[in-house]
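The structures considered in this document are given below.
Shared between the two complexes below is chain A, which pairs with chain B and chain C, respectively.
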Partner chain A sequence: MTFVLKRCAAFVVALIVQSAAIFVCLRILPGDLAMVVGGTSSTPEQVARIRQQLGLDQPYPVQYWNWLSGILHGDLGTAQLSGASVAGEIADRLQVTLPLALMGLAVALAIGLPLGVLSVTSRSARVRRGLQIAAIVAGSIPALWGGLLLIMLLGRGVGLLGVLPSQGFPVRGWHAFGRALSSLALPALSVGIIAGAEFMRYTRSALLEVRDSDYLAQAMACGMTRAQAVRTVGLRLAAPQIVSVAGLTFAGMLTGVIVVENLFALPGLATLLMDDLGNRDLLAVQSELLVLTAFFLFMGLVVDLVHHALDPRLKAAASGGADGADGVADGTDGARKEGTR
Partner chain B sequence: MSLIVHDLTVDVAARGRRAPARPIVRGVDLRVDDGERVGLVGPSGSGKSMVSRAILGILPPHLTAGGSVLLGDTQMIGADENIAASMRGSYTGAVFQNPAAALNPVRTVGQSIALPLRLHYELDRDEIRERVLRQMRAVELPERLESAYPHELSGGQRQRVAIAAALVTSPRLIIADEPTTALDAVVQRRIVDLLVSLVDDLGSSLLFITHDFAVLKRATTRCYVMEAGRIVEEGATEALLHDARHAVTQSLVEAATALSLRGGEEA
Partner chain C sequence: MTGNTTSPSNRGFAPRAPRGRLRGARIVLSSLWHRADGAYALVVIGLWLAVSLVSLVWTPHPLLEASGRNAWAAPSAAHPMGTDGAGHDLLSWLMRGSLTELEVVVLVVLCTAVFGLLGIWASVGRRAGAGRGSRAWMVCVDTLIAVPTVLVAMLVSVPLGTSIAVIVVACTFAYSLSIVRVTRPVAQLAATSQYVEAARSYGVGEARVFFGHVVPAIAPTMAVQLSLSAGTAILAESGLTYLGIGIPAGVPSWGRSLANCAKLISVYPLTVIWPGLIITMVVVALNLLGDALRDCADPVVNADLRRDGAADDDRSASDMAAAESSTREQELTGERMPAQEGESHEPHRA
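After this line comes the complex of A and B, so read on.
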């Protein structure tokens, strides 16, 4: 329990540090929001007035504090060009990006896990080698090219089997559920196949680490076949590593789907960030960056907590190591603690 | 007859022309009668562990076994994987060298001991728990360790858990592969005595693999000596201790005698 509290505290501290870093970096960047809002024909007085309205004339610590306290009240600021609230825009865009990342992760897991297991347990050396090569090839495909191939294969109107839409997202969003889902199918496949290949390689190497261990020999000696032992004991022991990769892949997808969002003309989070950066709207950008950073840190937190739940050895380590061990030791063998493993 | 091994070979599988098959074990013959305790002794790297894994059908994938291994009426060499697996944990029980590296680190003591029961018998929870607790008493582990994890135990306790898991289904043949090597001398003796008394209580047979004649003397009545993948000598353990013919046997006996300060007789 103390571990959970400590880890959550670390999350909060990291987030505050990151917010400061984002704030400082964006103040160093060139470009003046007030001038952009005012336009090229505005007078210096007008620009000064806009700057005052936006609070950009105040000292940096005050600006920083105003920003943070706004966030604590749920106010991420206002996008200057559109006049919409940044929180609202992020929520809008997340309706595309979040399902896209989730579907991509699902595709990646559905491909990577079973093939990763097969690449270790298959009795045919050809199958094992073939899967290994496939993983390297698929993992090296750039998202842009992979997406284009998929469009040419499956895209409606242009593809060999034109069954799926390849451009845009329905204006009615998820109210047009079927259309929304199908418009995310190709993008999710493009990111999912590539991440799936990565997944397969991680699963394979994690399983290879335990394959020849006595953990599997013990399970087999108790009555499992080799494949059964790899699937149950091996995968379970590899689970913490797989969870790490899954968590980071998911976080990476949320922020890293810019190429795919552009290719498939999806109004997602990454495109929003790029647009606002182009507009020099640093008030919107700083809030958007903070949300993405918070998400990244949050996934790290989740991964760590899941790790902790998956490995009983970590609990002993967190609660002061020897305490846990001494608690159950008894005199049977002189209560001797071997330092081994 | 619990175990008959005839002309057993273990090879590193050939990988194309550049890496031809490499022999590890050559023409090993050995037998373990019902209720007999037999030793397989040899220096490190002599192939004795590979013999035990070939008998169990759990060689690493890059090794292949030939010849014949009969567990009761079942031929293990070339057997279907499911048939081989159905013998392990029911007809045979196995204890490995380092329980810290063999017991599943994310399963409790109770779960590890229950595994062979769950794999081979359709018992309900209470029956499994009852048999697990009975087995824990037999290996002198306190009941409260049932929900402990391996990393919370001492080395001796861990090996008791491994022995409990190996014996919980009352197998006909127990194969112990250097079960005391990772333990210190005092704990070694207790574990060997415990294993021997439990095996005798069950009326099962024991194949005890070690490089240590001192341990062998406590655990077995007859033994085979291996060197470089072959059996080089066999006979009653007591006789080999006094009258070893082969140089390897002599050096192993000498090592055991030298290690125990009060001389080989007391070991």
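After this line comes the complex of A and C, so read on.
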């Protein structure tokens, strides 16, 4: 319980630090929002007035405080060029990005888990080696190229099979459910296959780590075959690591899918951020960045808590000797690093 | 990454002594060559270097040769890979692009190595030691590592515009942090070893302790990580260039060719095969090189290295020799550190 409280406190502290870091970063960046809003023909007085309206003439600590208290009241600010509220824009874009990331994760899991298990349990050395190489090759494909190949294979109008739309998202959003789903299918596939390759490598190394453990020996002594033992006991042992990687992969996808979103002309979250940065709309950007980082930190929190709940050895380690946690903690660190790459 | 990462328990830490680095490098190279994956990696990377050099003096067509009549030409004898939308010969652009790619990769790897080492120093240096400073720094690393490379690149592109610098800064940021993360347990073990204690008692300076004891211990892990990050840098280049914040337009690079061809895929689908294929092949080679290096540079796995006991005083070192030297030294002294799993393995809390 203390672990949960401590972890939550760390989350809040990290969030505050991140917000300060974002604020400072964006004030260092060149570009004056007031000049952009005013346009090239504006007089210095007009620019000064706009700056005053936006609150940009106040000292930085005051600006920072206003921004934070606005957020705590649920006000993320207004995008200056479009006039829309930032919160609304983010919600709009999440309609695309969130399902895309979820579908991508589902594809990645559907590919990575079974193949990862197979690459450990298969009796044929050739199959094991082949799967390993396939994972390396699939992980080395540029996202852009993978998407293009999928379009050429399955895209409507272009591809050999021509079954799925390859451009855009229906204007009516999820009200046109079927069309929305089908327009996300190809992007999700191209994201998922590459992530799935990575996933398979993790599953494999996590399973290899526990393959020779006493747990599996015990299971086999009770009459399981090695493959059965790996599938039931091994997967359960590896579950904390696999969940960690899944969570972090999912968090990474929110911005990681930007190339694919661009390719398939989907209005996604990262694209919004990039447009606003291009417009130097720093007030909108800082809120968007904060939402994104809050999400990353939140996923980190969830992953750690789930990891803790799934691995009773960690609890024992926290109260007593640290023996049980060694291998597990080590593996997660590696996984975390790779997942956030 | 396949397999488990280098386990800290396999590494011992002996003082550095002048040894035959060149011979070690030759052994590592030859055992790389005798593995299928190592041979593939060496061939592809060798070709890459050769083509970049050749492209400096000769390309089938001049880079700026363009004609509207020739746009999107199908592969022919004159243009073996066809032409792109401006009528540039794709093969020539890809050849010169490999030079740009090489530049990106070398810059990223160098900067990553330098900043990675600095980061490790910050986490194991004497003052940081096992104290509060080191822990605070690791918390920083854990928080920063969660920032996606794309975000960093976007932010950096505001002041820097579209340039190689954006790629280098973003990649260096991400990869050096992950190097700190991955190598820290080993570095910590080395920094708290009795060799270091003994060296310090003689009055050996911080810098010499770091480069003489800590760096050789983490060199194998670092070589693998750097080789992987070289591959990722190429992927990042293609992505960022497509987004318009990487390599500027008009500079040939693989990512640029891929992005150009991607625009009109519905009309000219086949041109897009080549740039992607080349990128994939090279990235696979770099990944395989990382994996193969891990095995070949480790005397526990590679019997040839073990057999090479004699020392000669040739100090010229290549990358691979550096990766190999520490493990060999450790092997020669017959030192095996018992697994000291202490604070280096505490569960991760960001």
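Basically, the second predicted complex is superposed on the first by the 316 of 341 C-alpha atoms of A that agree within 3 Å, B and C clash if a C-alpha of one lies under 4 Å from a C-alpha of the other, contacts with A are read in each partner's own complex, and residues count from 1 in each chain.
We adopt the following convention: contacts are C-beta pairs under 8 Å (C-beta built on N, C-alpha and C of every residue); 3 or more make two chains touch, one makes a residue touch a chain.
Treat the numbers as computed from the prediction; the structure is a model and nothing was measured.
Chemist: Going by the contact rule stated at the top, is it chain B or chain C that touches a larger number of residues on chain A?
Modeler: Answer, by number of touched residues of chain A: C.
Chemist: Let me test your reading of the model: by the given contact rule, A:P44 touches which partner, first (chain B), second (chain C), both or neither?
Modeler: Neither partner.
Chemist: Once the structures are superposed on A, label A:I141 by its partner contacts, choosing first (chain B), second (chain C), both or neither.
Modeler: second
Chemist: Return first, second, both or neither, reflecting whether A:V233 touches chain B, chain C, both chains, or no partner chain.
Modeler: first
Chemist: Should A:P30 be classified as contacting the first partner (chain B), the second (chain C), both, or neither?
Modeler: second
Chemist: Does the superposition put A:I258 against chain B (first), chain C (second), both, or neither?
Modeler: The second partner, chain C, only.
Chemist: Which holds for A:L310: it touches chain B only (first), chain C only (second), both, or neither?
Modeler: In the superposition, A:L310 contacts chain B only.
Chemist: Classify the contacts of A:Q132 with the two partner chains as first (chain B alone), second (chain C alone), both, or neither.
Modeler: second
Chemist: Could you look at A:Y215 and tell me whether it touches chain B, chain C, both or neither (first, second, both, neither)?
Modeler: In the superposed model, A:Y215 contacts chain B only, not chain C.
Chemist: Go through chain A and flag every residue that touches chain B in one model and chain C in the other.
Modeler: Residues 325, 328-330, 332-334, 336-338, 340-341, which sit in both footprints.
Chemist: What residues on chain B touch chain A, complex-wise?
Modeler: 53, 56, 58, 60-61, 81-82, 84-86, 88-90, 92-94, 96-98, 100-106, 115-116, 119-120, 140-142, 144-145, 148-149, 151-157, 160, 162, 165-166, 182, 184, 186-187, 190
Chemist: Looking at the complex, which residues from chain C come into contact with chain A?
Modeler: My answer: residues 1-5, 37, 143, 145-151, 154-155, 157-159, 174-175, 178, 181-182, 185, 231-232, 235, 238-239, 242-243, 255, 258-259, 262, 265-266, 269, 272, 275-276, 279-280, 283-284, 287-288, 291, 341-342, 345-350.
Chemist: Could you please specify the touching residues of chain A with respect to chain C in the complex?
Modeler: Within the complex, chain A contacts chain C at residues 6-7, 10, 14, 17-18, 25, 29-31, 132-133, 135-137, 139-145, 148-149, 151-152, 157-158, 201, 204-205, 208-209, 251-252, 255-256, 258-259, 262-263, 270, 273-274, 277, 280, 289, 292-293, 296-297, 300, 304, 314, 317, 322-323, 325-326, 328-334, 336-338, 340-341.
Chemist: Touching chain B in the complex: which residues of chain A?
Modeler: That would be residues 211-215, 217-228, 233, 236-237, 310-313, 316, 324-325, 327-330, 332-338, 340-341 of chain A.
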